[in-house]
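Per-chain numbering from 1; labels A, B, C and D assigned in written order.
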Amino acid sequence: MTAVKVTIWNEYLHEIRNPKVAEVYPDGIHQAIASGIRSEEFEIRTATLGEAEHGLSEQVLKETDVLIWWGHMAHDQVDDTVVNRVYRRVLEGMGLIVLHSGHCSKIFNKLMGTPTCQLKWREADEKERLWVVDHAHPIVSGIGEYIELPMEEMYGEHFNVPAPDELIFISWFEGGEVFRSGLTYRRGQGKIFYFRPGHETYPTYRNPEILKVISNAVRWAKPARTAAPVYGNTSPLETIKEKK
Amino acid sequence: MTAVKVTIWNEYLHEIRNPKVAEVYPDGIHQAIASGIRSEEFEIRTATLGEAEHGLSEQVLKETDVLIWWGHMAHDQVDDTVVNRVYRRVLEGMGLIVLHSGHCSKIFNKLMGTPTCQLKWREADEKERLWVVDHAHPIVSGIGEYIELPMEEMYGEHFNVPAPDELIFISWFEGGEVFRSGLTYRRGQGKIFYFRPGHETYPTYRNPEILKVISNAVRWAKPARTAAPVYGNTSPLETIKEKK
Amino acid sequence: MTAVKVTIWNEYLHEIRNPKVAEVYPDGIHQAIASGIRSEEFEIRTATLGEAEHGLSEQVLKETDVLIWWGHMAHDQVDDTVVNRVYRRVLEGMGLIVLHSGHCSKIFNKLMGTPTCQLKWREADEKERLWVVDHAHPIVSGIGEYIELPMEEMYGEHFNVPAPDELIFISWFEGGEVFRSGLTYRRGQGKIFYFRPGHETYPTYRNPEILKVISNAVRWAKPARTAAPVYGNTSPLETIKEKK
Amino acid sequence: MTAVKVTIWNEYLHEIRNPKVAEVYPDGIHQAIASGIRSEEFEIRTATLGEAEHGLSEQVLKETDVLIWWGHMAHDQVDDTVVNRVYRRVLEGMGLIVLHSGHCSKIFNKLMGTPTCQLKWREADEKERLWVVDHAHPIVSGIGEYIELPMEEMYGEHFNVPAPDELIFISWFEGGEVFRSGLTYRRGQGKIFYFRPGHETYPTYRNPEILKVISNAVRWAKPARTAAPVYGNTSPLETIKEKK
């Protein structure tokens, strides 16, 4: 079995500019996730906003089976050329895992067709409990009935996304809200998983269950290696009766 | 019961430029549909590409409950300002019925998040048979097991759209293809129905069953008058325990 | 417009046997709902377990457009003949609204194909907040962002039902659970709505918003009057080439 | 990686009683499929109606990750005890692949909640073309845009099943019908795939593409090894405020 090629993309600004975040993720969120999901099944690289082409050249994306995306304060600085490149690759079969504030990214917005930035939010050190509602899904393999995070940022409904193909987690928040926290979508030949938790000031990406979900999602989202459909004008497969 | 306010938008170029099409639709596709669905339940107006703001000013859209869209050769000439205006109105609850080659329009593409222009097609006077696969849906009220059209343009899979919320019709074509021909989607507070048939050289929009489906779809797509969600930073509804 | 014929079925045992319940619903839950949704759009009758054929004769069901179902302690006493009769009528297009503990009824179980009795529950006078997650749906017409019930029985995930066609409400509970509280399904020509709230010791069916949801659901679930499909051996519609 | 334990169940009556079928499948459909999907990834056994407990004892099912089901003329002879045993195992996570006329089996009917026996059919040596409509799905890995079968029994819509979680194939038939031919469902912790082709008089289960789809489906349907939910009365996870 060949390894799944994973690229973890991170904006990587909070960790540099904010000492409180640097304390939680000294090497950046991308490195925390990379260490956390390390496995001989995966071949992992990272990319960040500050690199040339944000680290997502044609070549890198061509060699990527699954792209993980974390962004927050600089969504607008992501170049449209790169966004369109990622878009095309998803349609060709590359898996995409959008984490937390990535809901507001250009790429997620473009793939959903709705203003995905729209949701309720609050930073108040709230307990979050992610309840599994689809126990048949490989993304929750090895996970119990729920994952509890002692403190997280709250995201609350309404979340302005299309009805997902599959709803896997629903979050309960201490302050009174709920959220659809684990959602799958298919676009073209590609599979997309949105996973809610991961505010930069909490060590969420060190939580073994959160990391397990991300690992499972990588396996689930890898390309199915199906045929690329042919589009456009086409000849009939059957003989069509002559019309008078 | 107040009437549903319907705006029928048509590119209205084929009918002017091509005598063969003018013969089929002397007053334009928009007028054919308007006559065909006339009812005291509906208050109908039309709009075309050539009018100022394509006939879709803020005021017109504000007064529109359901917008019907037919376009083909001039998708690129539709102004982005108007596209964004329609987009916002759909999210606010305006129904949208996209007909035939409207699959390639900017607005449908934007709402779907996929390159909806991608499908197979062929102009060969083929028989199309639209099989009902969801007999519980109000859009097929009064329709039999299938609708048969003696001649139509063929559209074939793969059609590059997200998996629909509801699949209502599947077309069979003489030349060997199938197509998902009646699809519903929800985006924000709005409902969308894509309906395949209606090539400009055939009298499809005079077919009583096709018109019945469009009428049913208007009733189905009208705004639900639900609350507009509030987005952004929010206070907790419950008392959150003091954290140490 | 002809009135929608609604039959409200109630087990009607708690109200007779338990003085605490009798105080909340002196005439039974069925009468509370009947008064609560009264409208010239509806023609309402009620039926209870104790009546001959549980009040659901062939004739009554034939004249029913939408059946509302509340049961709890006597699911097993519902005759299989009646269950099968309701089942057939749903497949023919009769709408079915299953309330609260009706999740455990024979008819809901049969239509879902899963042991729908399986969920978590607790009677602890908890606050429930039903968040709307589908603002495009006619079932939430006139409803705000959420419905708050000061005290209800808790139902928690995992709820062992198939993934719904549409998810409309998600409940938040004070004690830490969430629940998919408003679910739609289509079976044959019939539409089904499961709506969670309504424990017999609370005045939930006097809450104007809960009653509004039930009224909306009746309108949504009424038969679409579509063609009944023909099943079985069939002749080809097209000439099939002779095979050698 | 441990092998996936596959049990192929076949009614095995046509092959014994009908010389024409015996010619196509001399060792039975179960053996044809077993040879066809042979791989070191799978540990395959077979079971037939005529064996004690139809070859599906508690022990066998306990050791089965994915069950493949082919039946036709003797659905009624399948013991309800065995049906209920299979049902429980699917809910616990065992995958189930239902082939062709298995649509009419007790187990598929029970899991769907609809009279799944209802569809149109015809035996006329028709060409079938199974179009892929979901190119992101692992079940079509390695498959082209469609699979063509020169002769098959026709199954036509309407097929009385719930709207599937995922629609993967749509069939085109020479005689004028279409059919939803590849459908997925989740029930409890189990995954189900219905796959249409496979009439006993045609060598469909020797077709390499059909066998590839079945192999892919086995991989897809294997248990996700998720936690079994706990049902019933439960204590609050959070402190509920004292009510007056």
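Details
Rule of thumb we're sticking to: a residue touches a chain if its C-beta (ideal position, glycine included) is under 8 Å from a C-beta of that chain, and two chains touch if they have at least 3 such contacts.
Quick caveat, the model's predicted, so the values are computed rather than measured.
The minimum number of touch steps linking chain B to chain D comes to 1. Using the contact threshold fixed earlier, the set of chains in contact with both chain A and chain B is C, D.
Looking at A-C and A-D, the interface holding more C-beta pairs in contact is that of A-D. For chain D, the chain with the farthest CA centroid is B.
Separating the centre of chain A from that of chain D, both taken as means of CA atoms, is a distance of 32 Å. With centres taken as mean Cα positions, chain C sits 36 Å from chain A. Residue positions 129, 132, 134-135, 145, 156-158, 163, 165-166, 174, 176-177, 186-188, 229-230, 237-238 of chain B are each in touch with at least two other chains. The part of chain C that touches chain B in the complex is made up of residues 1, 93, 129, 132, 134-138, 140-145, 165-166, 174, 186-191, 224-230, 237-238. The part of chain D that touches chain B in the complex is made up of residues 129, 131-135, 145, 156-159, 163, 166-167, 170-173, 176-178, 180.
If you check the complex, the residues on chain A that touch chain B are 91, 110-115, 117-122, 124-126, 151, 154, 156-158, 160, 162-163, 165, 174-177, 185-188, 229-238, 240-241, 243.
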